[in-house]
Amino acid sequence: MEQNEINYQVIINEIYNTVKTQENIGEITTYIPELAKIDPEKFGVYLTTIDKDGYGVGDWQTKFSIQSISKVLSLSAAYKLIGDQIWDRVGVEPSGNPFNSLVQLETDDGIPRNPLINAGAMVICDMLVNHLENPIDDFLRFIRKIANNPAIDYSKSIVESEKSVGYRNVALCNFIKSFDNIDNHPEKVLNFYFHMCSLEMNCQELTNTFMFLVNGGLDESKEQVLSVSQAKRINAIMQTCGFYDESGEFSFKVGLPGKSGVGGGILALHPGKYSIAVWSPKLNHKGNSYRGMKFLEHFTTRTKLSIF
Amino acid sequence: MEQNEINYQVIINEIYNTVKTQENIGEITTYIPELAKIDPEKFGVYLTTIDKDGYGVGDWQTKFSIQSISKVLSLSAAYKLIGDQIWDRVGVEPSGNPFNSLVQLETDDGIPRNPLINAGAMVICDMLVNHLENPIDDFLRFIRKIANNPAIDYSKSIVESEKSVGYRNVALCNFIKSFDNIDNHPEKVLNFYFHMCSLEMNCQELTNTFMFLVNGGLDESKEQVLSVSQAKRINAIMQTCGFYDESGEFSFKVGLPGKSGVGGGILALHPGKYSIAVWSPKLNHKGNSYRGMKFLEHFTTRTKLSIF
Amino acid sequence: MEQNEINYQVIINEIYNTVKTQENIGEITTYIPELAKIDPEKFGVYLTTIDKDGYGVGDWQTKFSIQSISKVLSLSAAYKLIGDQIWDRVGVEPSGNPFNSLVQLETDDGIPRNPLINAGAMVICDMLVNHLENPIDDFLRFIRKIANNPAIDYSKSIVESEKSVGYRNVALCNFIKSFDNIDNHPEKVLNFYFHMCSLEMNCQELTNTFMFLVNGGLDESKEQVLSVSQAKRINAIMQTCGFYDESGEFSFKVGLPGKSGVGGGILALHPGKYSIAVWSPKLNHKGNSYRGMKFLEHFTTRTKLSIF
Amino acid sequence: MEQNEINYQVIINEIYNTVKTQENIGEITTYIPELAKIDPEKFGVYLTTIDKDGYGVGDWQTKFSIQSISKVLSLSAAYKLIGDQIWDRVGVEPSGNPFNSLVQLETDDGIPRNPLINAGAMVICDMLVNHLENPIDDFLRFIRKIANNPAIDYSKSIVESEKSVGYRNVALCNFIKSFDNIDNHPEKVLNFYFHMCSLEMNCQELTNTFMFLVNGGLDESKEQVLSVSQAKRINAIMQTCGFYDESGEFSFKVGLPGKSGVGGGILALHPGKYSIAVWSPKLNHKGNSYRGMKFLEHFTTRTKLSIF
């Protein structure tokens, strides 16, 4: 099946209806009080092609907390600003462990395995705090530009909510600091980290924000935000590390680079073809959206299009 | 750059000459006595396109021990014979650990993380011992058929050499057996496993043998050995798990599914386009061919073609 | 309360009756088929003082498989034969892990944490195989001499039973061999190891066999089998390592050096005062006799005598 | 050799002179800036018998930072105040890991292995913060009472110094809090913890402070601060857990319950006989005083008195 013959709207509607009628398994995130308030039956999908065609179904216009999906964006910002030096302080290997594990840091001397686990994202945040004058404002400006969308913003209530319970993240950041792999005061890094995680988008906005990774580094404001090679490398990291210790499963069943967040969002993309966002708050026991995983598995099976 | 414009012969010659003149770092495998005898300066490359065009340089006609590359072939044989039931006994997640680690098995109750680490390959071998009348002969027949090449064979001297020193593998197999995830007597499974690892091919033969994964499951004898979806899934596993705890690095720098062996071989492939084999016996500290990694990094950078 | 005022017979009778009327919790060992046949309600106690007074209650005359308690005896034999060189190949630290764990060996390069976990006992067995002409016969002769009891023997049926299911131990021995910390062929070491574990004694015999550790190294045949300092050191190792990952608990609640076996036996001793053996086959989830632990906790609480 | 025949002064003088003339190996603690200023050649010893006889040599009158030795004192205070409920939140098993490891907490769901590693001491501190009105003042009052010495005090400069670099401890406390095993705000617990660690004593004061553990719970102000059984149990924990992953070695070579601190102090005691303090700031690679270990090994070898 060639891409230009695919009727995306029909396909996403069908899969959406199939998945929606099946049991909605899993638990919504409760450890962040604000996220615990979300309606667990929310379910939205949006796909944007490289040619700017868009197809949505369900709650695709509702904003949600993109959480860890933002780690790909801070990574991109740091890669653009600092280049390959970032790899001196963070690896590119899948961790084989849950997202907030501290175990490997102890054997790896404080070098996180990759930038998409919490520890790695904090090291990236520390780099951005080093390089940006006003990290929180400047990073938001970066996101708005690559998405060509001034409406994207942080959620102050999510920031406060995360701060009130973020003991594990405080532990992680101080632990890395004890290995000298955080330059700034942990509090400053964590403040930026919690802001980054609090970014809110709807499914459509999310697909647009990530089009630079579909389009060889060219963002929605027509700027080459990353080189072709840099964009490919970030896609490679999403492929191997985007779903914590379920990354292999996602690669196996879906076959696309992608990233999930505990807010229930998943962003996946086919380089040169499209980006797709699915949002459904109930998470499986690995912390990834249950319906999001299900939808995307159906989607690449049905379209017979994956990078493999 | 479009594929049909690429002059593969020129490119592989140039990269070959570049890499050959640089320092050849690393160590050849010495723990298997037979492998310790190999000339460390051997260096060969072969690329076969989906259209059957072939391009070689250096020692591409010399046979070598493909070792762990064979794990993809036993996995394919088991997937064909048994189907998705194989995933009840082995996972699809990157391990984040060296190839012969026993640590994760203890926390994972004897279910190996993936079929491309030693533990997982042994479980696959156990399944084949269950399903094949004469596992050693029948598996060789399978390889010869998918490669359409009756000249492929085991190396009896390598089998004997591995048996003489294979304490770690004996440990692994008995350890998994203690968790009831090996059905047959460990000795029988190990005998098959050591034969599998002893397969010998030259670079050209290796690329041909793997064409079924380039070609959506269609092998060199024109048979649909795996379904399109099964072939994609095996490629996905190679992408996330093919290079032990350097899988992320390979994905990041090369951007292709691939598999390495301690004999110094690496097989990589671009679905729908080509397979490529590189052989150079010196291994980096992660156990992957130093020049093989280097060559392929140059190759996908130069051709600007990767799956990302 | 001074020792010479203690009426041991009264005390052990009372505690025996108390414990016997309480619920008998836990599971008997089932992974060794021969041990699975034992009557789970067997319960015996014997205490021998340094002055050769003996006090028994219950099934103290019934022989049972002493299993891992024998590791203290092989350690003593090796310490006597080889001296402090044995500590080059095995440590003296508690492991904090279950008795048959392979995890630490991987980080510790094949040096077992202590001689009372399976891995460490195998290294000790390997040393004895190096130093004894007929290890199985010579070791039995050593035991009979220190116990001054020619009736002590191996159980052939237990040896065969363990061999038939000993995959975890085969794994352990081959794993250590892969780190070059086993000199002999694993099969030879394991054969000796399984014999050692199969030693059978009744409670009285067990207390007599261990009197050399109560008596500053002087055994029942009046020979100084170990120096005072060596005997103290073996007691120290029992104190910190004798009960796997329940060693701290035993030290905390009972306060004596001791060693348990999966046959349901526990041997404890008060240097300069007495040795005591308790046998009851049901094991708690750490693999130590449920009633044995209970009895000894009552015993040192009641007598107010512990080494602390 | 009977105790009453031992001339302690002669013995400690001789051993002191022997050890002092040998090479002083190891490194002083540098991660706490204040401790890095200590003269590495300081070396003092003091022994107090149960009959109040005292024997000192070298710098026994110089106060030093007792650091982790204080963990035994906070444990005692909590045991006295709360009783056996404390064991619901902290274990009694040796950890087999360095003093500040976070690894086990992840597998043990935030229950520290024992109260003498940093994690366990923090949980004990949290309990004291719950039970004491003014934890810092009240705990100091407790210490002064059991030592019958109003001159004992915290070092404010050490408290500030630890706070300035205590990232690992901040990590630990927040990590345990994330498992809900810390009730109070981590900052409050850490403030108390850093005060506790900053206690300063000289060798003589240290031996007096610990006499309640020599004397079956009876402290220097003639009060039964702990029951006999409680005192025994704390001694048992010191025996198995007092020297981090060198606890087995200390038990093996010295054979007494004891506790070390990164300030270079070691306190050891023989129940019913004496307590002894050694201070020498250079630490071996396990974090225990090099000369302290050496001195005590000589001491129990020479006196032939150990609990075993």
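All chains are identified by letter, namely A, B, C and D, in their written order; residue positions are counted from 1 within each chain.
As a convention for this text, a residue touches a chain if its C-beta (ideal position, glycine included) is under 8 Å from a C-beta of that chain, and two chains touch if they have at least 3 such contacts.
Every value quoted in this text rests on a predicted model; they were computed, and no experiment measured them.
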item: Co-neighbours of chain C and chain B - touch as defined; value: none
item: Chain whose mean Cα position lies farthest from chain B; value: D
item: Distance from the mean Cα position of chain D to that of chain B, given in whole angstrom; value: 55
item: Chain centre separation in whole Å, for chain D relative to chain C (CA means); value: 32
item: Chain A and chain D: spacing of chain centres that average the CA atoms, whole Å; value: 47
item: Interface hub residues of chain B, defined as touching at least two other chains; value: none
item: Chain-level touch network, classified as line, ring, star, complete or other; value: ring
item: Each pair of chains that touches, named by its two labels; value: A-B, A-D, B-C, C-D
item: Residue ranges of chain A touching chain B (in the complex, touch as defined); value: 91-97, 104, 113-114, 228-229, 231-233, 235-237, 239-241, 245-249, 251-253, 255, 257, 271, 301, 304, 306-308
item: Of chain A, residues touching chain D in the complex; value: 101-103, 106, 167-168, 170-175, 177-178, 186
